[in-house]
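What follows is a set of structures for review.
The two complexes that follow have chain A in common; it is paired with chain B in the first and with chain C in the second.
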Partner chain A sequence: MSTQTAPTTPGTTRRPAAGRSPSRRTVVNRAPWILVSPFLVLFVLTFVLPILVAVGQSFTSVTRAGLFGEEGVTSRFAWFENYRLVLEDGNFVASIWRMFLFGVVQVPVMIVAATVLALLLESASSRWPGFFRATYFLPYGIPGVIATILWSFLYVPGLSPIIDVSEKLFGYTPDFLGAGTVLWSIANIVTWTYAGYNMLIIVAQLKAIPTELYEAARVDGAGPWRTATSIQLPLIRPALVLTTVFSIIGTLQLFAEPQLLKTVSPAIDSQYTPNLSAYTTAFAYNDYNLAAAQSVLIALVAFALSFLFLRLTNRSSR
Partner chain B sequence: MREVTRRELLGWGLAGGAATVLGGCATPGTTSVNAQPVVPAAAGEKITLTYWAWLKDLQKVADIWNAQHPDVQVEVSWIQGGNGGGYQKMYSALAAGGGPDLAQVEMRTVPEFMLVNGLVDLERYGVSEHADKFDPTLWSQVSFAGGVYGIPQDSGPVGMYYRPDLYEQVGAQVPTTWAQWAEVAPAFREAGVYIDSFPLDDTSPFTAHAMQAGATWLRSEDDGWVIDMASEATLEVARFFDKAIDDDLVTTSANPYSPGWYAAAADDKIASLVSASWGDALLQSVSGADGKWRVAPAPRWDHGYGSSFIGGSTSAVLANSKHPKEAMEFAVWMNTSPEGIDAMIENSGIGWSPARDYIGAPREEPSEFFGGQRYNTEVFQPASREQNPDWQWWPITQQTFNILGDGFRRKATGGTLVDAVVAAETRTVEVFRQKGLTIRKADR
Partner chain C sequence: MTAAVSTGTGVTRQADADPQRPTTDVAPAKGRGGRPATRILVTGILVVVAVYFLVPVYWVVIAATKTTDDLFGTNGFWFGNSFALFDNIAAVFSYDGGIFWRWLGNSVLYAGLGAVVATYLAAAGGYALAKYAFRGRNLIFGLVLGGVLVPGTATALPLFLLFSQLGLANTYWSVLIPSLVSPFGFFLCRIYADSTVDNSLVEAARIDGAGELRIFHTIGLRIMTPALVTVLLFQIVGIWNNYFLPLVMLSDQELYPITLGLNNWRAQTDRLPEFYELTTGGVLLSVIPLAVAMIVLQRFWRGGLTEGAVKA
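And now, the complex of A and B:
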């Protein structure tokens, strides 16, 4: 940073005497900035700038004349043209609705499952809670890509033992990868991966509940069920809100699972989820401007949904 | 060190951000290397060329060249295959003004790289003197508007792999026409076997069938692109497979070479497979398949050509190469000299060689896996000569394929392939126009 040689600015005139060693106050003031600068530099370079560039790209349009653009390439400020094209693209809009449907079903299922697991583990009568906590959390330790490959072997006809057993016992051949079912096959993978993780957040909050409350409840004659509904559930509300918001954002960003299952399921197209759509536009079609517009829209929708959910939960708690 | 106020920091951030936004808006790839002066040949000094490719062990091939050419050394860097990450890397490098001298680019992707001014026109470096060393069909697929934009590296003429034992079991003759194919297919269904599979999400086999039937989806003319996707030849192929799927003659749930397909093939549930020559290596991954498969020419339509190509790549000279002439000479050597071809077959397992006169010594031998059949000289060599010479790729091939594939997927929910083809033509025209490119529909 240019310091000593900096020309006179309003900042320097405020100093009482130039050339004097910096006062203790300025050192104290400067310290946090120095300490935070490694983070700040990376944050700006890898987070703020890419977002700004993406927003800029989303308002730009490039046209090429001739067969390959040999008759001239022009790039111009296009206002909202890219956004119009994206919103006119039925497949992209459909992918957002698909994720909406996915979220409405999968997020509650997962949060309920995580809550039930957490309550069971934290109930007084649970055995080996440490072992089970680790077991439930284990799927989160498996990268999403590997998890999807593992599950795909359980979904593919001819390889899947589930399908074999179902055929032998019930004479029914489940189709996990069909047009109507593959979304829920993905939901299953996501739930399997993240239920344990969300459970852990809820467990942490449960552990923060003061023991006096449990004692008071017991003295008042509350059983495990009553304790759960009247003490634990209301007090883990912040954790539930947090995990739900994370899950809503995560749902809109679904990418790895459908991208990998695409190879075994013809039902997953190149625009199955919003992120897959943006990825395809950017890296298969080389149209970064349109992809930027898609990404910005995904971010806006995620923001709006999270905000809406927080507003709803805040209102109902009043 | 002066105290930094929060306001100043914010100011810098915004200014820097705005500068980057403006910089980012100057979309790269807007100037053409082919309008600039020709780069002269290196005068005596030692140079090193870099080659990005996803073929394995290609350095071993380059080492043969390196031993003979001490002044022009070639270094190969392995990259991810094409759309799996390789192209993204090349596009970024090109945008940043760098990148290797040579890169592996698929035939169908060559025009997409031309769209971002990523390739050197080799015509300006005298490539035409080598033209007669290459398969003429493949040569025309890298030639556009009087220029040549890549050296063909490999391809895949189409034939039919089949299981003689399963054909015998149902008492069917190996079909030589698609009409015969449709006649014998039901017999296999009675035995719980499929004659073949039809992938709904990979359009390249369908494209090859249309190519074989004589369709040319797009061609470049002096006044712009001419699209003829929904031609009668293509629609006939679409109707044919619409019916085959409706009659349950083919499976749509096991794409060739997918885990499900391998499982079905190992279980004797797949009787034949119309696919490219490079499928020979993939078939060997079917468990217990040794000696069970043979190869026959692809079934024919009642017009069009004997075969078609699926896949295929080029060694392309990228725009920022400092030594385009030497890079071109290496690529020609590698892809046409017998030592280069043999080394590429042995080390890298390339597809069909694009050289006109030499298929590679290992490919002339009888194959143990195919029960001693000399399938390369018997089937694929003639197939490589019975090709649709008019076929061209276009600047948004991948996007058209995805649009078509998205349409094909609706087959599962009541759509038809015919509808998908017609819709893909319309949509492709729209995308061309959005990009500003000139396109018109063919008169028909």
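And now, the complex of A and C:
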């Protein structure tokens, strides 16, 4: 990554400074900063500062004097008090474990499905690959909120044609919104939205495999199965790693789906996912310090998990 | 076989260097065609999966043609007794003084303006990091790389706290400003500029007397176009689909993007059933442009995304 040599090695005069631009070197030294600073300023404003604010808030405790805080508000440095409170909150910790369970099942299912679809679409046996590719990718353009509205209509008894059909055909009434099933109903929405997108990333990488490799494999007598396992899967590995990391981060951010389904499913409470928890703490209880601690913890867990996954995949590739 | 696999790294690098390579039609073993039985089986699987992806969209198309009575009284997979599609759509457009248009316009503003500016800034920054050696460049890169892995929703809450102190909460700026920054786009542009913008070309332009900014705008941007398209599309979809940030930032309905607005209608269905007609009509209208856009744009969704991962 950093092997590339930059054109402007300090100290080398690029060309004999023609009288027209005597300060050429300073221009070259200033140019990268002119180019990078608009991005950098906004990045600091929207990423670095909020994170610093959040960390600061998470270490602060605010006490209100008087019954309604009318006698003034005092804030003090509270060390890990907020973190202790957050970690003692059984519901918040449970929501993190719920996301682990969700991720352990949903992410592999989705990635495997996306890989299989990509391989099938790129195989010689598939017809109309362009049509199918576009169809599978379509849900990615539908916002999570809209997707959840759509699926919630298909989950709600009385409105759902799926429940009607199941009752007529099998005499069985599925409950998509019960305590044991609603998590997987959410998993279905997430898979529906992102499987095609992940498939497209994998397809892009499959297309980058040169034809000669396939020809060599065919000369060696490899069938489609052998080609997939020995050539395609090893070569699309970077795409699989990338999609998995993004999916892990996405899982911990789960918010819109449970927040919307909450109104139709009593099994979802206001602390169902970590993000929902932080949102509730901030806007229902107005405890920004506790909410900040929760946000920081969510970010740390997401960071740690993606890092861990990247390390594991790096090691096993050696 | 083993020899073929071991060239793996060389292969990906080659694909990197020439991302525009016309690889579209070199599906493996083309011409052999596969046996008819395999072909039927594979196509069958693909059709079943396609049905899964299309069922919710099909359902909303049907539902949007129904009155609330029909919605609950007739089979969801087929038309009802009445055909109320045009009434429903007219109701969506006229409800509350045409607020649907306003939401749609807001979404277009947030996603359109945000994505264009974000792409330009990411391109400039990524190009600068790839093509100049300067103090602090590794620090910047590390910082931004960390930003890629920070979940967007984790910064939304603190951003709200910050913006409310600055008096920016509940304004257009509160949603627009965070949309202008794409750490992932920055990352991608750096990688792409690194491998495609030729140093000797930049050098030649310098000798011809072109200024540094002019070199970026005429040569850099043009060569980076494939990556920029990817970043732009990625950012448009990201902003358009964002729900958490506007939810946290905005309390004024007039500023809502379409996602928040439609959820607002849906939330009223349990008290006022006529909102079902508005919601299904509104969902249908908002899905159509996106569905068309996705089908048209998916061809541009090229390898750009994975190039970063290959190199990193």
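As a working rule, the second predicted complex is superposed on the first by the 294 of 318 C-alpha atoms of A that agree within 3 Å, B and C clash if a C-alpha of one lies under 4 Å from a C-alpha of the other, contacts with A are read in each partner's own complex, and residues count from 1 in each chain.
Keep this in mind: a residue touches a chain if its C-beta (ideal position, glycine included) is under 8 Å from a C-beta of that chain, and two chains touch if they have at least 3 such contacts.
Not measured: the values here are computed from a predicted model.
J.: In the overlaid three-chain picture, which partner chain does A:A267 touch, first (chain B) or second (chain C), both, or neither?
T.: In the superposed model, A:A267 contacts chain B only, not chain C.
J.: Quick check on the superposed pair: does A:A217 touch chain B, chain C, both, or neither? Answer first, second, both or neither.
T.: The second partner, chain C, only.
J.: Touching A:V105 in the superposition: chain B (first), chain C (second), both, neither?
T.: Once the two structures are laid over each other on A, A:V105 reaches no partner at all.
J.: If you count the residues of chain A that each partner touches, which comes out higher, chain B or chain C?
T.: C
J.: On the A-aligned overlay, A:L87 touches which partner chain: chain B = first, chain C = second, or both, or neither?
T.: After superposing on A, A:L87 lies clear of both chain B and chain C.
J.: Between chain B and chain C, whom does A:T60 touch in the aligned arrangement: first, second, both, or neither?
T.: So A:T60 only meets chain B here.
J.: What is the shared patch of chain A, the residues that chain B and chain C both contact?
T.: 1, 6, 29, 33, 48-49, 53, 57, 153, 158-159, 263, 283, 288.
J.: Enumerate the contact residues on chain A facing chain C in the complex.
T.: Residues in contact with chain C: 1-2, 4-10, 14-15, 20-21, 27-29, 31-36, 38-40, 42-43, 45-51, 53-54, 57, 117, 120-127, 129, 132-147, 149-151, 153-154, 158-161, 164-165, 192, 196, 200-201, 204-205, 207-211, 213-214, 216-218, 220, 222, 224, 226-227, 230-232, 234-235, 238-239, 241-242, 245, 249, 252-253, 255-256, 260, 263, 275, 278-279, 282-283, 288, 291-292, 295-296, 298-299, 302-303, 306-307.
J.: In their shared complex, at which residues does chain B touch chain A?
T.: Interface residues on chain B, with respect to chain A: 1-5, 8-9, 13, 16-18, 20-22, 24-27, 29-30, 32, 83, 87-88, 91, 111-112, 114-117, 144-145, 199-201, 220, 224-225, 252-255, 258-260, 263-264, 267, 395-396, 398-399, 402, 405-406, 408-409, 412-413, 434-438.
J.: Which of the residues in chain A end up touching chain B in this complex?
T.: Listed in rising order, the residues of chain A that touch chain B are 1, 3, 6, 11-12, 22, 26, 29-30, 33, 44, 48-49, 52-53, 55-57, 60, 62-70, 73-75, 77, 85, 91, 152-153, 156-159, 177-179, 262-264, 266-271, 280, 283-286, 288-289.
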